[in-house]
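My questions will all concern the structure given below.
Going in written order, the chains are labelled A, B and C, and every chain counts its residues from 1.
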Amino acid sequence: MDVEQGTIVTLIGNNGAGKTTTLRAITGLNHPSSGEILFDGHNLNKLAPEKINRLGIAHVPEGRRVFPQMTVLENLEMGAYLRKDKNAIRQDIDMVFNHFPVLKERIKQLAGTMSGGQQQMVAMGRALMSAPKMIVMDEPSHGLAPIMCLEIARIIREINKKGTTIILVEQNAMLALSLADRAYVLDTGNVILEGDAKELKENDDVKKAYLGG
Amino acid sequence: MWKKISGLAIIGIIFCSLPYMVELYRMEVLIVLLFNLILAQSYRLVNTTGDWSLSHIVVMGVGAYSSALITKLLGWPFWLSLPVSGLVTAFIGFLIVFPLLRTIGFGFFIGSFALGEFVRLIWVKFRDPFGGPRGLINIPSAEIGPIDLYQPIPFYYFCLIIAAISIWIMYRIDRSHIGDTFKAIHTDPVLCETIGIRVPRYRAMAFVIGAFFAGIAGALMAHHQGAIDPHNFEATLMVYLIIYVVVGGIETFWGAALGVIVMTVIFEITRPLEEWRPLIAGCILILFLVVMPGGLDVLLPKTMKLFRKIPGIGQLFT
Amino acid sequence: MEVSTLIQTIANSLVQSSVYATLAIGLALGFGVMKMANFAHGEFYMLGAYVVFFLYTTWGLPYPLAVLAALPIIALVGMLTERLIFRPTKGNVLAGFMATAGLTFILQVLVGQAWGVGLMRAIETPYKGAWEVAGAFIGWQRLIIIPVAILMITALWYFLYHVKIGKALRACAQDPEVAALQGISINKITLTAMAIAGGYAGIAGALMAPIQPVTPYMGHDIIIICFIIVIVGGMESIAGAVLASFILGFIHTFMTTLYDSIVAIMAGVALMALILIVKPEGLLGKVKA
C-alpha cells in the first residue's frame, strides 16, 4: 500500500476487513506482526503512539473519543501537546475555528456533553492541532446525520487542499470514493483491489459489493 | 485413573507419616499448615470468580469465634460445633458479600477489606460475649466422644481428615458445573449476564462456600490455640494468605495448596530471621506479581515433566 | 455537648478532614490515571512522619523545612513505586494492588529495623500554645494543618486545570489510548501522578508527626479510612475525594468524641457499605467502584 504526499487515500471494505487495524498499526496502537510501515523514511513498526505523533501523524479514532470531561479548548490544546510554539498554536486554534465555527461558540463546553457531529469536529480539530503531515481518520461519518456527513466531507477536502495527507477509512464507500484520489479495497486483512478512486467507483465489482448496486 | 489414585496415595502417605518424620516441636507447624491448606483452598474458591476478597481472614475468625462461643457458652460438643460454625460463618459471609455484589475490581477489594475490618471491630468493641481486645480464653480443647484431641498427634490426624474432606469437596465443586460458572464469570461477567447466568448469585455462592470452609479452618484453629483475640485476624495475615495463593497461582486447583507448602517451608528455613519475615514475604509477593504473575503454576508445565517420572503425581497436577 | 466541646470537636474535625483530604486526593489521582490503588499509601504517610522525626528531632533542622523536605523525598518513593511495581504490572489491576500490599510489609520492616519496631516516637511540637475560642483550646500545631491542606488542594487544582501536564494527566485519566495518540507519554504521566500522590502523603505524615505517635504501623490505621473515602467520593473523582474526606472527617471525629475510635471506624464502614449498595459509583464519581 502506498500513500502519496498530499493525497487522500481511502480504505474501504466490510466489517472485519482490517481497516481500523491498519490505521491503529500506523499510529502505534497495534504493532504489526509482519510487514513494514514506513513514513518519511522512519520505520513505525515498533514505535509508541506518542513517538509517532511526534513524526507528524495524527489519528482521529473510531467513535470520536473526545476527552469527555474536558472543554473544547482543552481538547484542542491536548492535540497540540508536543508543540512549544505558543503563537503558532494560537493561530492553529483560530484555523480550527475557521473550519468549525460552531466550536468557537462552545469553546468552554465539556466535549462529552456535545452532539455526535460536534464531537467529530472536536476530534478532527484536535488532530489538526498537532500540525500533522498526515491525518488518519477512522469512520468520521459514522453515526452522523446525512447533512453532517456532507459537512465533514467538505472539511476533509479543505484540510487536504492545505497540503495535509489523509488516510480515510469509511463504511460509507460512496462518500469515501468521491473524496479520495486513490482507494484500496480490503477484505479479511488483504488488499483485493486498488486503483484510482474515480475508476473504482465505476468498477462493477465494487459497485455490487460496496455501493449497493 | 490408577495414576491419579496412586498419586493421591503417595501424598496421603506423606501426610500421614509426616508426624513421625519431624521433631515434636515442629508438629505445631504441621498443624498450622493444615489450617492454612483449608484456608488457602477456600480462598482460591472465592477467587475463581475474580473476586479477591480482603476479608477472608476475618471470615475465618468468624468461624473461630463461633465455635469458641458455641462450646463455651452453649456447652455444645466439639463435633457439633465444628459444622455449625461453618454454617454460621457462611451466613456472616453472605452478610459481608451482599453489599459488595454491585461492585467489581477495586470496589470489591477495598469494600471487602473495610467490611472485614467492621466485623473485627465488633469483636474488639463488645466485651460481652467476644471478650473485647483481649479476646476469648479457655476455649475447650477438641474432643470427639472418648477421643481427646488435645495431644498434637491425634489432633494432627483429625485435622488431616477434615482437610482431606474439605479439599475433596472443594475439588468436586471446582470440577462441577458450578465451578465452571465461577470461572466463566471471572473471564467475562458481562457475557455471562447476557447468556442468562445470574452473576451476583454465583459470586455470592462462591463467597459463601469459601466462607464455610474458612469457618471450619477457624474453628479448628480456635480449639487448637485455646485462646483467640482480634489480633489473630488482622489485615497483615490477609496479606500472607494472598501470598500463598499468588505464589502457588490460581490457574490450577492445587496452586493454592502448593503455595502454602512452599511458603511454609520458606518460613521454616528463615525462622532465625523472624523479624524480617514480613520483608521476605513482601519481596516474594512483589517478585511473583511482577516477574511471574501466574505463580508457580506457570512453572508447572516444566516441572510436570519431572513429576511425570514419579508415577501418579504428575497426573494430579494436570 | 457543651459549646466549648462542640467547638473543639468541630475544629478537630476540620483538622482531621484536611489530613484525610491530602491523602485521599493522592489515591484518587493514582486511581484516575493508572486505574490502580496504592495499598502502600498509608506507608508513604508513615515515611513522611519519619522524615520529620529524622530531620527535625534527630538532625535539628527547622520544622517547616523538615515538612517541606518530606515532599520531594516521599515523591521519590512514589516514583520508585510506579517504576518498579505499577509499570511492570500495568493492565493487571489486581497484581499492582497486591504488590503494593507487599510493599507495606517491606517499608514497615525497614523503618522498624532502622528506628525500632513498635517504638513510639514522640516528636515535640515546635508550635506550642493554643488558640482559645469560647473555652475551647485548639493547638497551633493542629491549626496550621488546615491552611496547608487548603493550599495543597488549590495547588493541585491549579495544576490539573491550568498547567499543560496537569491537563494531560486528566486526559490520560479519561482515555489513555487517545491521550497517547496526542503525543502524551502515559508513563511520564503516571510517574507524575505517583510523585504527587507520594509527596502529598509525605506532607500529611510530616504534619501529623508531632500530633500522633510515630510508629512503623501508623499507616495501617489511616489507609482503611482513605480507601473508604475514595469509595464514598467516587474512585477517580478528586472533588469527590475532598468532599468525602470532610464527611468522613466529621463523622470520625464526632463519633470518637461521643463514643470511641472503634465506633468511629465502624460508622465509616457502614456509610461505605450504604454507598456501595445505593450508589456504587460514589458521591461524585462517574465510574462504578
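The rule is simple: a contact is a pair of C-beta atoms (placed from the backbone, for glycine too) under 8 Å apart; a residue touches a chain by one contact, two chains touch by 3 or more.
Here the structure is a predicted model, which means the values were calculated and not measured.
**Q** Going by C-alpha centres, which chain is most central here?
**A** Here the chain at the core of the arrangement is C.
**Q** Looking at contacts between chains, which pair has the highest count of C-beta pairs?
**A** Per chain pair, the contact count peaks at B-C.
**Q** Nearest whole angstrom, what separates the Cα centre of subunit A from the Cα centre of subunit B?
**A** 54
**Q** Centroid of subunit A to centroid of subunit C, CA atoms only: how many Å?
**A** Chain centres of subunit A and subunit C, defined by C-alpha means, are spaced 43 Å apart.
**Q** Please compute the C-alpha centroid of subunit B, do the same for subunit C, then give the distance between them in whole Å.
**A** Centres of subunit B and subunit C (C-alpha means) sit 33 Å apart.
**Q** Hey, which residues of subunit C end up touching subunit B in the complex?
**A** These residues of subunit C touch subunit B: 31, 37, 84-85, 88-89, 92-99, 101-106, 108-110, 112-113, 117, 220, 224, 227-228, 230-231, 235, 260, 262-263, 265-266, 268-270, 272-274, 276-277, 280, 288-289.
**Q** Where on subunit B is subunit C touching in the complex?
**A** By the definition above, subunit B touches subunit C via 52, 99-100, 102-107, 109-111, 113-115, 117-118, 121-122, 124-125, 235-236, 239, 242-243, 246, 275-276, 278-279, 281-286, 289-291, 293.
**Q** Which residues of subunit C touch subunit A once you look at their complex with the stated criterion?
**A** 164, 167-168, 170-171, 174-175, 177-186, 286
**Q** So in the complex, the part of subunit A that touches subunit C is made up of which residues?
**A** For subunit A paired with subunit C, touching residues are 27-29, 48-50, 53-54, 58-59, 61, 65, 67-70, 74, 77-79, 81-82, 126, 130.
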